[in-house]
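Have a look at the structure that comes next, please.
Each chain gets a letter, A, B and C, in the order it is written, and its residues are counted from 1.
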Amino acid sequence: MAAQNFLEAIREGLREEMARDAAVYVIGEDVALGGPFGATKGLAEEFGANRVLNTPISEGAVMGMATGAAALGLRPVVEVMYIDFITLAMDQLVNHAAKLHYMSGGQIRVPLTIRVQGGASGASGAHHSQSLEAWFLHVPGLKVVAPSTPADAKGLLKSAIRDDNPVLFIEHRDLYWSRGDVPQTDAVVPLGVAAVRRTGADATVVAFSKMVGTALEAAETLSETGISVEVIDLRSLCPLDLDTIVASVRKTGRLVVAHEAVEVGGAGAEIAARVQEAAFDYLDAPVTRVAAPFTPVPASPPLEKLFVPGKDRIASAVRSLLGRGAE
Amino acid sequence: MREISYAEAKVEALREIMEADDRVCLVGSYFLGLSPRRVLMNALRERFPARIFDPPISETGFCGLAVGAAMAGMRPIVDVATASFIFNAFPQIVNEAANAHYMTGGQVPVPVGFHLLHGLRGGGGAQHSHSPQAMLWNTPGLEIALPASPYDVKGLLKTAARSANPTIFVDHARLFEVKGPVPEGDYDIPFGRADVKRSGSDVTIVATSLMVQVALRAAADLAEKGIEAEVVDLRTIVPLDRATLLASVAKTGRVVVVDECHRSCGVAAEISAIIAEEAFHHLKAPIRRVTTPDVPIPASPPLEKFIEPTAEKVVAAAREAVK
Amino acid sequence: MLPDLPQAELIELYRIMLTMRRFEEALIVATESGTSVGHFHVYIGQECTGAPALSQLGREDTIFTTHRNHGHVLGRGADPGRVLAEIMGRATGYNGGKGGTLHVTARELGVLPTSAVVGGVVPLATGAAFAAKQRGSDAVCMCFFGDGVLEEGAFYEAINIASLWSLPVIYLCENNSEGAIAGEFPGSTIAARPLTDLPAAFRIPAQAVDGTDAGEVYGAVKKAIQRARAGEGPSFIEARTVRWPGSRPLWPDLLTGETDLAFAWEPARIPQSHGDWHRSQDGLLRFTRELLQSGRIAADEILALDGAVRAKMQEAVRFAIASPYPEAESALAGVFAR
């Protein structure tokens, strides 16, 4: 184990996979220079300009090219600078990368990894702050992961790169400098397995990415008033580990789903729909979603702060489920 | 009242809209797709030759153009045609049109309409059969209308054309031959008003677009089995008429949501989540979703038939719900 | 003119063109008699582009194409029965019925998935070329698309990168919009004229050829492949043909009848209707005339060759129609690769 930050863990994951498999390469805007946040720093020097490629500002073409190369057996790791810009690659991602395997009756594989970062941070405004994972949960053929810790970032990235399907790897830039213990071995974190970060008996809070930390803070606050909350870190959104969520709901009878994306049509909608299907008789209270309001992301700092669900909103939601009201 | 076809009602609406407001123009003109009914559009082309444009195959280009024109005071209605092509225009619709009013602090409204034909069409395959409305629902700033009857298509199109906001008009080619009563002259249907198309007290079937017709067939079948279904046609998902939806759930306690989008994070997921959150104590059974599964749409007819949401599947789900 | 090829190869080229033509005719006839296949597009009139181009590709080379893919797939040696089966949604089709006419794929023949989104294939093909170069192979990727693609932004992004990185891709634009039926379906609407100015602006060698002149196409493609294999980067070829009169937006119609090869040596037989098509616009008839005039083949050999091809197409139709549909539940499988 070594204490590393999220970015270092990602960089190490990339480096290990590139050393392990010559078919792996990195491509995107400014990646050879390290990228805007330094995620790919040093990789061009280590592996050569041939395997860490800068591109023009052409998200669509880059996504399409990576898809075409993957169809021939290479393993590209595409970096899209902000998830907001993935809109420029939507057709290639949704109509091509996600579908080639199925449409070809299994003849083609697309072992593509797409790294994006997003989330509201630094008053960056509506075009640099979105959380768009729900769109991609709605696209059959795409896998979606969102790590919350440096260890998971490295382990999930390795799994994503080794997966023979297109995987969208979603990072939150507010987590980039968060630190944690990261295995120094070839440890992979499998896709589709959630992690129970805190056990509890009164309510279940399901979260992913940055919201996991927020949920844990809320759980800590609630424990001071005798409420015990189980926090589940999904890690993977597709495939979704419904079993872990349902096992928890069977125990607690109460579920809050927290995410930074807009509530309407968000990942929480799918989780809520599936849980009430699978665990209807165990639910003692409505499934509650704590998520962003139905607005674009505001730029002004105090407005942005209001937009992003914080620990107080999560705690308040848990209390409501327990009939305890505001305290 | 006269009974006309959905296709006729739609073209009549377009004509009346263009007569009433000369800021309205059509960017793309295949509002009846390539169906036999498309000849109805010729009269419009003859009447308004300077206001109907057929752009090149450049979705980013012509959607962006329409957004810009709307920002400058026009009221364009864009025909995206096959819904699967909307992905090319995502930057313009999602990042520009949806955000502009909010981002500019209210200074720049974007009164543009995006029309598309969604869903299964019989052999369309994976790249011509999308239902993208769920993704667009996850995008604040877009109104979304889904007509299901001749009366609704005219009324909702009128409201869409008058709206100050970007509106996605989600239509379906398989509705074109549906006949129904349509008043002559001007009327509109406000957004945010669901329509209970059939009353019943045993189970609520929530649907949009073509699935409303599927739901009505299912309801007729269920009635023969002694189960009275209430069919709630949402008509618009943004704004959403929660009151009508929840009132129906409170009445029946049992819900089936039928929707043509893929299952995960589809329209049915959000409806289900809303009900699970706000009407939980009225539910006597879990909410069931009848949707297209999470697979790309296959080309071969029996495979496409297998994944299609049908009245039979709705009936089966409703019977489970009332057990 | 004829490509400068030895006898056997020339005849093989002709056989492929005949296969492309008779396949499409057989498909149209099958659909007219009730077999339903959905929304399809035919390659009639473009055989003199596809056949000479594809004949120069090797086993390691790949192609991408669009909804107008039947000719390309056959030109790479696909089994007509299995192509037809895919178009008819049968289990024996190349994609197991999942793709249909719009997405026929034959991986082992280097035919990667065909896209039905205009513009979709250009970045994909550029990526396949990139992969070949990364691996140090001299394989090339040939990208077929129509003139409509030059209306999509994806085209410009992709060719820009191909030029900057010297990628081994051949952009083969089949411009069949001359004679497109006005108003029935939007013809190509692009402000640039000629189209070759556009890739030239990105410093990609661009050449316009007569798509019905097999020799001209052959020569242009040969140069492009040489460039690509030598690491000199992409090329753009615009092959112009007049759109076949029977090409309608949804359902092709045998307006010019099943091709009568005898029109090539008995011009008096050519009817009034669509006379221009038969006399000068149909590349297959042109090639037939040129073959005869060169003395390389006699009329009766042509008819024998054609007879064998037509018999093969009938067999393909029988095979496809007799093939079972896939099991319904298979619709749920194959989303992810294991």
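Operating definition for what follows: a contact is a pair of C-beta atoms (placed from the backbone, for glycine too) under 8 Å apart; a residue touches a chain by one contact, two chains touch by 3 or more.
These numbers come from a predicted model, not from an experiment.
Taking each chain's centre as the mean of its C-alpha atoms, the one that lies farthest from the centre of subunit C is A. Each of B-C and A-B has its own count of C-beta contacts, and the greater count is at A-B.
With centres taken as mean CA coordinates, the chain nearest to the overall protein centre is B.
With centres set at the average Cα position, the gap from subunit A to subunit C is 42 Å. Centre-to-centre, using mean CA coordinates, subunit B is 38 Å away from subunit C.
Between subunit A and subunit B the centroid-to-centroid distance comes to 30 Å (mean Cα coordinates, whole Å). Taken residue by residue, subunit A touches two or more other chains at 91, 95, 102-103, 140-141, whereas all remaining positions touch fewer. With touch defined as above, residues shared between interfaces to two or more other chains in subunit B number as follows: 84-85, 88, 125-127, 293-296, 298-299. In subunit C, the residues touching two or more other chains are 93, 95-99, 103, 115, 117, 119-120, 153-154, 334-335. Of all residues in subunit B, those touching subunit A in their complex are 84-85, 87-88, 90-91, 94-95, 98-99, 102-103, 125-127, 134-135, 137-141, 238, 261-262, 264-270, 272-273, 276-278, 280-281, 283, 285-289, 293-296, 298-299.
On the subunit A side of its complex with subunit C, the touching residues are 25, 50, 55-56, 58, 60-74, 91-92, 95-96, 100-111, 140-141, 143, 164-165.
Subunit B contributes residues 34, 54-61, 84-85, 88, 122-128, 293-296, 298-307 to its touches with subunit C in the complex. Looking at the complex, you find that subunit C touches subunit B at residues 36-39, 89-90, 93, 95-103, 115-120, 148-149, 151-154, 186, 188-190, 249-250, 325-326, 328-332, 334-335.
Those residues of subunit C whose C-beta lies close enough to touch subunit A in the complex are 62, 64, 93-99, 103, 105-107, 112-113, 115, 117, 119-120, 122-132, 134-135, 141, 153-154, 157-158, 160-161, 164, 334-338.
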